[in-house]
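Each of the two complexes below includes subunit A, the first together with subunit B, the second together with subunit C.
== the complex of A and B ==
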């Protein structure tokens, strides 16, 4: 199918979503467009991709969209999503992104453009920490955020390793949720985050 | 019923599985056990079971049957239950599930819980995945917590408010009172999240932005304290005090200072201070410098500060750390439009980055190089870029080729150089060239009248070498069809004319027709070229034979052409010479045709993305295809018009009909600026008589670049149910060379087809 036809369709969808203030419909349209984006992103079709990526920019601002932790074999150890996506979409993104990041050579820079997002990743021992941020975000400070999270895990588990995160994944999530909320840092003091976790742990009934 | 196995036990067991099938079996068994446990409404072990389910979910197995259980856990009194319940909700539930609304009441209760950690759980969940409905219901609670003196809760409430505003922008107003004294907090967590909240509000609403401008002095003070204060162990990162907060404040300052002279002046000093005093040996310092540079470039900073910023970027370019180099290239790309000369100084470093091993850096360097090309450096830059085109990865070739074409078109020092450059691209990266380049090139070649002989000769020689690269073959066939007579008569002035006979030329073209390498499109070009030669060559019989053969081709397109050409030979032979005459010089149409999309490679794209407005997609996409454009103008037949042309600002209107409603006329305005300076803050407004309805969509940008280097486009939709004559009053405001300009005009010269 000539690429102009889907582009005209998208154009109409875009106009519809712009005109329609109803969040419910917007979300449905967003998801429809996202599905289509996944379909067409595989085809080397830059105009179509740029079109849809511009659409996503229109709806987003500065935000971390998701954070993934995975091993060198591509096994997922933690996934935190800050945007609403279906399970199918999440799986697809995870699969593709893991493949893309694992294919990077060791000397390459920590940032890559993937679809319309910026991916910031860093490897710590056997785990890849991967964040997806938006175009306006500061990549270098995201690296610091990742580093801070690793430090928190390290302090909590005492010299953390991948096994700690596998067997105590729920604790890894609790720590992440005390550090970030909605994709933004809620506490910039390491001490305070760890103190809060400690106190919450004490509340746990045996 | 034995107690369900513990979570760690399950994890250990599953990890012993040696194959995927074995793992699946274990999981299925455990899921069955969990399901029956859920059915029995077992309160004691629900938490453990859900935790196991979450683990299995992470491995990729379905866990939807646990959704309701999460809700039950959230409703439990036990903290352990709530913790897992909320985690499960965030992982398994999202706003698409109808079930999620059942959480609302639990969250409401927990937001008012006596234990702050429970309140925290509720705020966190709401702030991560609350749907619009939930946000609407619970916004009041969040607002209450935003005013509490408990900093643990206040910081979470602030970020939760950010989420609420993102989901339901109309609720922004209700958080305004609570923001009153957010910045007087001492707690860094609250400060950080407050700045995030203020940033979100200012970004979404120009009124809020104006309202919060008065916070600039306070923000400057906080930032100053962070930099000047001594070592603070709690917030220190490699010698820098709370870099996260510094970066967020810088970002907020950027937004507040953007189009405001007073605010920009108030932050001038602190920006200079941060830029010069920040330690650059570690990533964290560079992160702050990076944000500072972005802020300096975006606000109305004085020139000294801007030069300082660009020099920082220049230093970044030489940094050993790849990440820093990448970030520098990205920023330079954003600033190259406004501070072109300053960036030019770093051109050689940027060009060196083309040879970097990292793919991301190479891409950025390529985009930036294209942005830096100008009339003075075109020859040198093109040499580097063509070398890059030769050796780069296939993923770059299409963009690089398009960029080369665009740059060559704009700055070619001579026609001969231009054609040579095109030839070079076609022969080295011919198969990666975009489809729309072929019509572009054809137009270019047609218009370079004196180079026809040279061009066709070079293209012919290229065809003899290699017929696999379709764009090259298509352009070559077209040229041979048009200028075959020049080729055969050996008229080339620029270089040694080659000796070639009519038969040899026809051999080559026929070769294209039969070759397996040729696509159907290419075959179409070849056949048409052969046909055209019937009026330029003497061997008409041979051509007639070829054409009649293809009258029975399987390819429908080819068959149709051949049959029509046959008819030309037979019944309409008297028309043949006139029909197959040389193409006249083609005018570049007013709709900014194909160049607009090609230009998005690193040139206009950054600014389009930054302005966060939807570009008028209607025209730029459709006019990508040369044929489609012709089709449009032929079908619609509504000619474009100039609506306004004064003081260097020209506004053209182009039309199209919106199907299915023929009463709506879709007008795209194209604003171009022929003065020497950019027109910034450009706003186009329109008003129509009462019987019409007007809708103005977002403009592509609010900066009209100088010297016709680009246009601002915007789509207007006019509903004209009574089919009255279209009239419009337009108001234009922009800033040129520092002074604001405003003008009103009436537009009455709409072509009748646009409203009939």
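== the complex of A and C ==
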């Protein structure tokens, strides 16, 4: 019976960690979780597969966490999340971030620290493109990811504007998926991405 | 481009979107949406089977409504139908809906997985890609279970199309992040590494991301990627920009791939192989050289892409931390950026330099840019850039430039953004204390801080200045004079009144000789502020007044008048009233002697780490504070010391310090006035004592030392000569002189230990009244229980007796218990005190783990405060076997084949204490050439990392 105890303890900690989105608390929970993990592993005298995997789930890092496109009026035009988050949390993040970014002056630098993340953003005409990356990630290359995506949209729609993205949001998603997958650049060649989209469009005619 | 048949005929969708856009109000929009939702619901529920086109249209509408921020709880089934369709357009929309609105409904997941399975098997690359994108976007565990085995084979199969390979690689990466246990390692891993050689740069780009993630998980399996990555990188950086065709981005050859390759290399230490190493160094040099070349384009994209690669190269250089020339070059390059016209570059340069400042090779080089950084602080218009400048100044500060940096930060503080003021105050306070050569400067600095940003000066800061003034005789007179002058200002901050009140109450006598600051003048000055202050400050001032009565009998009458006034004796605040009543009574009835005893000068505070640092760390959060000190002492915000206040002996007046948990005199207590007077200021010494570990006792003047032991042992020097020899072993001789030899045998299990102490009489005469007992400092008492069995009072000449000590570790600790021995030999009393080798590492239980587990956990413990590192010169010959024995003796399991470099040692273990268990990972990297070691400890608890590093760091 007694070995159930650390198990329960671990599970409840894990649940807490999942639920609590406050970073400060999360850090503490994480360290408690690690201790609990050691304890549990010790009790069983061998690392438990499932425990490890749950464990990794929370500690592994993602390159890009999410990408948001929003207008100067703060209307969200496109959202892409590369981390599993609840809808509630997504909305909260979006609200906070849109506010923060819109409050910045034009000549300010394109990077800012926000929670534990780094935000890289750039404004194109009426649209803000905004990516969240991790502490160790490269800001400048992320800025150019944004630019390349804008180039792709521009080339595809022919001088893209906000309306194109509103009325053809599904295309904007398809192009993004060809370019970025799982938060990493999949294909950085403009020609290749557009070729893939072009082929898909041809299939539609069939 | 094909003329985009936008929305390809989904007119209904376009109309709906237009409708929504034309809505004049939020209410109208919601109304329109609800109408549409009702319509779609009825269509989906209707008897008539919908055709594919209508389904697609409605699902698209739902998607749009969801993206507007409304909740959608239906339509999943229709989406699943769509993705199983044979029509590409329908399939595509079905997948999109599922990717955006994942639903964990298990029935649905099975159906989705089914659709994905069919598409993966279809051998139609477009369909396969859609399916892979969906897996990568959703990345759920169910999907990992279903497909983790299949995707590797798609990835490495010879006939897979390039674009499918790319999707498969990143899909696998995502699954590996969600469910690493489900992604099987195996034969395919070797073939994945060879994708780095692929003809198609897109494949290489995607594969590099995957390999980086996998290499973090199990570095050994992917070691071969180092040479391939270096080769690839070398080909890219030396290529002419047109060679790579479409992978050249604004005249920069494959910037994304270069960054990823450099990132992959950061998973490993510098390559062992000399040729490879020099090839990599060449690459890095080329990248640095290119930064000096004139730009090939004026476009910002060109410079961004080029510099993205450059910054990543600099990260790698910092990560390796082994090539002084490269580090210095990197630093110079960043120095140029500090004055670049691009705000982004200035920001990044400041950020990057912060890490360079902590490398011993480049610290000096960073320091040369001090003027530029200071200038940035003054002229940058973007607060986030100024913030980086403050961080960098803090990181580059050392004794040589402290005065300048502190002065600049102080002057910046006057105009700084409100959001960062408190942090700057803390930083200034820390630097001023840490690098103070003369304490008059320190006092000036803190008083300036209060003047400039009084509201942001937290308690910790002004407590600290008082502690330091009390502990240092040389600065007391100066401090009294300075606060006296500062208080002259017509409007001064309340914090200044607090500091002033406290210091004049203690040391006002030192400046009383000057008629301009005679006792009465001092008192009037303080009292002029009294009515403007809050209750706690007034309470503090009342205590200062009673101290004045003791210091200056000539103002006694004046002060008594003040205390007697109605506004004091009948004050609505019970605390103030009580102080007034009791102080007045005390001053009336106590004789001068008693008064002098009660109101004696405060004794020095135990030396301890600044509480301010703890505060800053807390404020900045983990990972945000550049490490400015290698031998930072350990800060513990623990509650376990609260028992310290439970001392029962009330006879000794000096012990009062330990008795009082707060500044509030308890109304029922027998002599609250005395208590209050002794603790004049407020909670400050006590919050501090209660919250922080004091460092191991260093001298007899420390309270802990004087009062924790019996008076005899306090005067004996504690022998700790052999202490460190016991870190990695349990048995041996701990102490020996002409008379006595003390040997130890110890055994530990989990958080318990037992030590057998053997006392050998080396003489031929009896030892009489032999006694030995163990003492622990106050702090240690709550962390470690030591119980000693009694021992025979007589030891015959040449005989040996044994004593058993039982030990229990309650929580992690730093201090060591002391074994005190007394006996009579030939009529003289002998006193011996020996530091017992009970260290934290004794409570280790070794833990075996695979290299994969090790590195994963290692990565997880990556917060700067969890890691402690020490680089030191070898003190013994560097012998592998001896080192191994020592690490094993330290208590951890030695893990073979974990570190990619076989010369390195890694170990893992769990520290058992009664309250918790702390997992620890360690890594020792010998450098035979330099005769140096680098020791890195990672545990989930900062104090543990710190202590273990101290202990083990002295063993080699």
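Just so it is clear, the second predicted complex is superposed on the first by the 144 of 206 C-alpha atoms of A that agree within 3 Å, B and C clash if a C-alpha of one lies under 4 Å from a C-alpha of the other, contacts with A are read in each partner's own complex, and residues count from 1 in each chain.
Here is the rule we go by: a residue touches a chain if its C-beta (ideal position, glycine included) is under 8 Å from a C-beta of that chain, and two chains touch if they have at least 3 such contacts.
Note that the coordinates shown come from a computational prediction; the quantities given were computed from them, not determined experimentally.
Once chain A of one complex is fitted onto chain A of the other, the partner contacts of A:172 are absent, as it touches neither subunit B nor subunit C. By the document's definition of touching, both partners, subunit B and subunit C, reach A:135. Contacts of A:101 after superposition on the shared chain: neither subunit B nor subunit C is touched. Contacts of A:86 after superposition: subunit B is touched, whereas subunit C is not reached. Once the two complexes are overlaid on the shared chain, A:64 sits clear of subunit B and of subunit C alike.
In the superposition on chain A, A:160 makes contact with neither subunit B nor subunit C. Contacts of A:194 after superposition: subunit C is touched, whereas subunit B is not reached. Shared interface residues of subunit A (contacting subunit B in one complex, subunit C in the other): 23-24, 27, 31, 47, 50, 55, 57, 62, 76, 78-79, 84, 91, 107-113, 135-136, 138-141, 143-145, 148, 166-167, 169-170, 173-174, 177, 181-182, 184-192, 196, 199-200, 203-204. Partner subunit C is touched in their complex by these residues of subunit A: 23-24, 27, 30-32, 34-35, 37-39, 41-42, 47, 49-50, 52-53, 55-57, 59-60, 62-63, 76, 78-79, 84, 87, 91, 105, 107-113, 116, 135-136, 138-141, 143-145, 147-148, 155-158, 164, 166-171, 173-174, 177, 181-182, 184-192, 194, 196, 198-204, 206.
Taken together, the subunit C residues at the contact with subunit A in this complex read 1-2, 4-8, 14, 17, 21, 60, 63-64, 67, 69, 71, 88-89, 92-93, 96, 100, 126, 129, 133, 136-137, 139, 163, 166-167, 170-171, 173-174, 177-182, 201-202, 205-206, 209, 213, 245-247, 249, 254-257, 259-260, 263, 301, 304-305, 307-309, 311-312, 315, 343-344, 346-348, 381-382, 384-385, 621-623, 845, 847, 849, 853, 856-857, 859-861, 863, 866, 910, 916-919, 940-941.
Here subunit B touches subunit A in the complex through residues 7-8, 11-12, 15, 51, 54-55, 58-60, 78-80, 83-84, 87, 91, 94-96, 115, 117, 120, 123-124, 127-129, 131-132, 152, 155-156, 159-160, 162-163, 166-168, 188-189, 192-193, 196, 199-200, 203-204, 234-235, 237, 242-245, 247, 251, 283-284, 286-288, 290-291, 294, 322-327, 357-361, 363, 398-399, 597, 600, 605, 608-610, 612-615, 617-618, 621-622, 624-625, 628, 697-698, going by the rule given at the top. Here subunit A touches subunit B in the complex through residues 4, 7-8, 10-11, 14-15, 18, 23-24, 27, 31, 44, 46-47, 50-51, 54-55, 57-58, 61-62, 76-79, 82, 84-86, 91, 107-113, 135-136, 138-141, 143-145, 148, 166-167, 169-170, 173-174, 177-178, 181-182, 184-192, 196, 199-200, 203-205, going by the rule given at the top.
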